[in-house]
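Several structures are given next for inspection.
Below are two complexes that have chain A in common, paired first with chain B and then with chain C.
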Partner chain A sequence: MVVGGGPAGLAAARTAARHGVRVVLVDENSELGGQHYRQMPAGFRAPERARIGRESDEGRRLIDEVRGLGVEVRLESVAWGIFDGRVVALATSGESSRIAAETLILAPGAYDRPVPFPGWTLPGVITASGAQNLVKAYRVLPGRRVLIAGSGPLLLAVAHSLLAGGARIAAICEASPMRHLWRYGPRLLPHLNFVQQGHHYRREIAEAGVPFLAGHVIRRALGGAEVTGAVVSPCDGEWRPVGGTELHYDADCVVVGYGFLSSLELSRLAGCEERYAAGLGDYVPVRSRELESTVPGIFVVGAGARVPGAAVALEEGHLAGLAVANRLGLLTGRGYSREASRARGRLLHLAGFRRVMDDLYRFGAGLHALADDLTTLCRCEEVAVSEAVAAVRDGARHVDEVKAWTRIGMGRCQGRMCGPALAHVIARATGGPVTEAGVFTPRPPVKPVRLAALARGGD
Partner chain B sequence: MVQTADVVVIGGGVNGVSIAHALASRGAAVALVEKGAVASGASGRSSALVRMHYTNEWDARLAWASFPVFQHWRELMGGPGVFTRTGFVTVVAPDYAENLRRNVEMLRGIGVDTTALDRGELARLQPFANVEDIGAAAYEPESGYADPVETVEGFRRRAAALGARIAQWTAVTRIDRRESRVLGVETSAGRIDAGAVVIAAGAWSARLAREIGLHLPMRPKAIDTVAVARPPELSAPHMVFIDNVLGNYFRPEAGGLTLVGVPCQEWDIDPDGLGTGLPPGAADRGAELLTHRIPAMERATLARGYRAFDGYSADRHAILGGVDGIDGLYLATAFSGSGFKIAPAVGACMAELITEGRARTVDIAPFGLGRFALGRSVEGRYPYAPRPDHVDPLAGRTV
Partner chain C sequence: MTHDDLRMAASVERGRALRIAVDGEELLAYEGESVAAALIASGRRSTRVTARAGERRGYFCGMGLCQDCLLTVDGLPNARACTTPIREGLTVETRRGLGDWDASR
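Then we have the complex of A and B:
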């Protein structure tokens, strides 16, 4: 069983099915493809010249191939829990069921890192992948004059999409200093295709006259009922804003994208071990060479295992698919070792690029100093940063304790939005490491499920 | 370092902090010892219903004496208010309609504002409810629910302000019993000498008592709760429901949520090692029960779920009072999943018992440990169908 129909999940399903594994592929969206291969919803049409990016064609081919291989595809199905090892609880809008899988490949993807700063809850402040989604799948511009703030290559891709759609971009604020790029030259040589695409984006942005501010972070979004502008300022290498110069930009939309966090709810619930990677500012599942987690029979691949980029996700999915086929005795001996070592070789090659990216866009924990006391930390329960700080003053040390005292993390997002930022707030208040603040204890449901579906459960 | 106190309270749940608060406000030197954070056990995950309807007079009197404290929390305790008034109904099957009317009479006799409703009246009051299998309902317009963590925190804050020592993250390792009396407790932070010790340690109580040779007829049981986000057409809060037909309850919660109690039959759990996630099937069962009573909840979404626990006595009522043969030892435990709403009165009664020798606020003699040996129960004359998860799966086994 494969959870997640993005590049990694599709590749895993394809490889496993090719070798004769009976595969169930589950995705909560109404179309396969995930965020990267986002397809236009059925019923939407756009003229050929209005198509943005080549990804959707690549994705279409992969999806068609997976379907052609007889993979059982379950769309609009939420995997909301894992019980007793590898029993996955699924729910659609009308039904629920539990599937006991022999092996489980988790490819749940990632989501934009939520970064609380004053004004981050104003209407018109949206995430980078949210913006990308609107433009790519729905051909909707989120605003006429857009400020983009964050870090990573996605900012450039979003700017490209927005410019292609006819929006004006006030500025792009990249938190990383982007200095001494020449140092990376030799390590980037084998990856000229990626470099060229980035370079192409940069040139296009420069030609459109958009200021690109490296080493700048967003300080606050301005506006009353909706966003009307934003203030940015320079930051240090840890992404901590440094005083002095503040720049004001008028904008009717602010796009924020400080990298991604892995969706680790399911693997965490299954008991897979993780470690904290400070350079990424996120937890990473511990995996074997076969990409198997510390729970036997559960593999974690793609962005859900903290691997940026669709190219890597495709290879990881492929490798896990091979390992599963091998486990089930469908691909053994030389055949398996040849294919697996090829996949590993390609992954190793891609890892070179990934390391450069991780280094270039190294996460700076100073980001979580942007919020002031009155900033909302938990959007669902509307709890401010100051309440979390007060709980720490009263002796709370773990995110679960702060949760019990302040309700932070009890809302509909299951703590996905506020948990990581809360850990940083606790760490700052205690002066201890962010890992000591821990993560919310995972509990099913990891995603909201309709009651009608549960009430009509399969058993 | 040896400390001294008049009274040591073991357990920082809602009843422990309430007892500490009541003792401190009577001028006693109190030390409360809690092995985790206050409210980290059953209290913090309580659904905290505040209602008076019981099928026995003694629990009802405790709830009725507690009610004004919740209602007037801000004036009496300071800090933010903890009570949300929603109205309360409890429903029974037709076979128990007559019992319900008699209990409503009993409650009105105590002074509780409550009326018995027939099926049609209930349908007018809560038009979205499915009433076809209901025989009668008891309605309390003033009742509702409280914020359990804020309540515990408020008692802790007031108790500390009145001079009580509240030691969190401090475990009692042993109660010091010498023959026929207690002399204090040993804790992870040293010894506390005291003339009186109150066991208010919820699911951990039986273990503590056993170590000094005292058998408490109680067992720890898991409690499952799910939270659902109501659909837009049910966005206005409904009343607190106790459903004696199906054997569960549900109540509104802030943020458009509804909490649903799911019957759970897992006994003799270890409160230290129990996972807080739901078991498989609990969410399905909760969905079934809730959508049966409110069909429009089919469009609700399951938002979260969690597992808690409490100590359940042999007759599913609290054990309150002293212990024959062990001077200075007091029990306020085995609340059997129903201890939140009576905590303010339990605090007052226990403080009176300890300082004056007799509880005046409410007579708590019926809750004494001695009742089990005498074969007496707190249960009233007009009970309802027993809740499925209150039936002992090992019936006949002595607990």
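Then we have the complex of A and C:
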């Protein structure tokens, strides 16, 4: 069983099915593709000349291939729990069911790192993925004049789609200093395709007259009821805002994208071990060469294991699919070694590019100094940073303790939006490492499920 | 793009045009669109007012995770605007928490 129908999950399903494995692929969306291969809804059609990206076409071909291989696809199905090892609980259109999987490949993807700053809850402040989804799937602009703040190549991709749609971009604020790029030259040489893509975006942005501010972070979003603008300022190498000129921009939409966090709730629930990667500012599941987690029979691939880009996700899915087929005896030993070492070779090649990206856009924990005492930390329960700090003053040390005392993390998003930032707030207040503050204990259902669906579960 | 619509004009053929009701007002939308896409396209950025502080909230993560774009769809509360598809005749009510929605409009 494969959970998640983005690049990694699709590739895993394709490879496993090609070798004769019976595959069930579940995804909570109404179409496969995930965020990267986001498809337009049925009934929409983009003429050839107006394509916004190649991704959705590539995705279409992969989806059709997977379906053609007889993979059992379950859409609008939320995998909300894992029980007794590898029994996955699903909620599909108002009904709940369980699937006992022999092998589980988790490809749950990632989401934009939530970063609290003053004004981040105002309507019109949206994530980079939220902006991409509106434009890619629905061809709707999130605003007429947009400020983009964050870090990483996605900012350029967002700017590209917004410009293509006719929006104006007030500015792009990249937290990384982007200095001494020449030192990456030799290491980027084998990856000119990626470099050219980035260069193309940068040129387009420059031609549109959009200011690109490296080494700048967002300080606050402005507006009474809804967003009307934003203030940005320079930051240091750790992304901590420093004194200096504050720049004020009018905007009816602020797009925020400070990198991604893996969706770890299912692997965490299953007991897969993780380690903290400071350079990514995120936890990463511990995996074998075959991409199996520390729980036998559960593989974790793609952005759900760390955020590596779609090219890596495809190879990882493929590699896990091979491993599963091999274990079921559907490949000869030699056939498996040959195919797997080819995939590993391609992953090694891609890792060279990834290391440059990780270094260039290295996560700066100073970002979590953007919030002030009054900033909302928990969007669901409406709890401010000051309440978390007060809990620490009263002796709380772990995110679960702060949760019990303040309700931070008890809301409907189940701590996805506040948990990572809360750990940083605790770390700052205690002076200890962020890992000591821990992570919220995952509990099923890991996503909201209607009680009626559970009642109609038949078990 | 027309003056009062954030739909990109040139680059797409959309689905069938449908009518939905948003807080009693009729709104044109297209089959396949999410409720969030239809609302944002018409310049409606708020989906609800929070219970505690009475703040407006709207579309944030855009992928069904943050639970901030909740509203009432066909009388059923807690629907996510970003993942709920438009159907002909859908009624959408922006959600009121305990805050004073009418005063804040």
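What we mean here is this: the second predicted complex is superposed on the first by the 452 of 459 C-alpha atoms of A that agree within 3 Å, B and C clash if a C-alpha of one lies under 4 Å from a C-alpha of the other, contacts with A are read in each partner's own complex, and residues count from 1 in each chain.
The criterion applied here is as follows: a residue touches a chain if its C-beta (ideal position, glycine included) is under 8 Å from a C-beta of that chain, and two chains touch if they have at least 3 such contacts.
Just so you know, these numbers come straight off a predicted model, no measurement behind them.
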Practice task
Applying the touch criterion given at the start, work out whether A:L454 contacts chain B, chain C, both or neither, answering first, second, both or neither.
Solution key: first
Practice task
Examine A:P442 and indicate which partner it touches, taking first as chain B and second as chain C; both and neither are also allowed.
Solution key: first
Problem - Touched partner set for A:A396, first chain B, second chain C, both or neither - result: first
Exercise for the section: With the two complexes superposed on chain A, say which partner A:F83 touches: chain B (first), chain C (second), both, or neither. Expected result: first
Practice task
Figure out whether A:N133 sits in contact with chain B (first) or chain C (second), or with both, or with neither.
Solution key: second
Exercise for the section: Check the contacts made with chain A and report whether chain B or chain C touches more of its residues. Expected result: C
Practice task
Classify the contacts of A:E292 with the two partner chains as first (chain B alone), second (chain C alone), both, or neither.
Solution key: neither
Problem - Touching partner for A:G166 - first (chain B), second (chain C), both, neither - result: second
Exercise for the section: Return first, second, both or neither, reflecting whether A:T121 touches chain B, chain C, both chains, or no partner chain. Expected result: second
Practice task
Using the touch definition from the top, say if A:M410 reaches chain B (first), chain C (second), both or neither.
Solution key: first
Completion exercise
After superposition on chain A, the chain A residues reached by both chain B and chain C are 380-381, 411-412, 448
Fill in the blank from the handout: Listed in rising order, chain A residues that touch chain C in their complex are 28-30, 35, 40-47, 50, 52, 111-112, 114, 121-127, 129-135, 137-144, 164-166, 225-227, 379-382, 411-413, 416-417, 448
Practice task
Please name which positions on chain A make contact with chain B in the complex.
Solution key: 80-81, 83-84, 87, 89, 96, 98, 269, 380-381, 395-396, 401, 404-405, 407, 410-412, 414, 441-445, 448-455, 457, 459
Handout entry: Contacting residues of chain B [partner chain A, same complex]
Key = 37, 39-40, 44, 149, 153, 168-169, 228-229, 254-255, 276-281, 283-284, 286-288, 290-292, 297-306
Exercise for the section: Show which residues of chain C lie in contact with chain A when the two form their complex. Expected result: 1, 6-16, 30-34, 36-37, 40-41, 45-47, 50-53, 55-68, 70, 78, 82-83, 85, 104
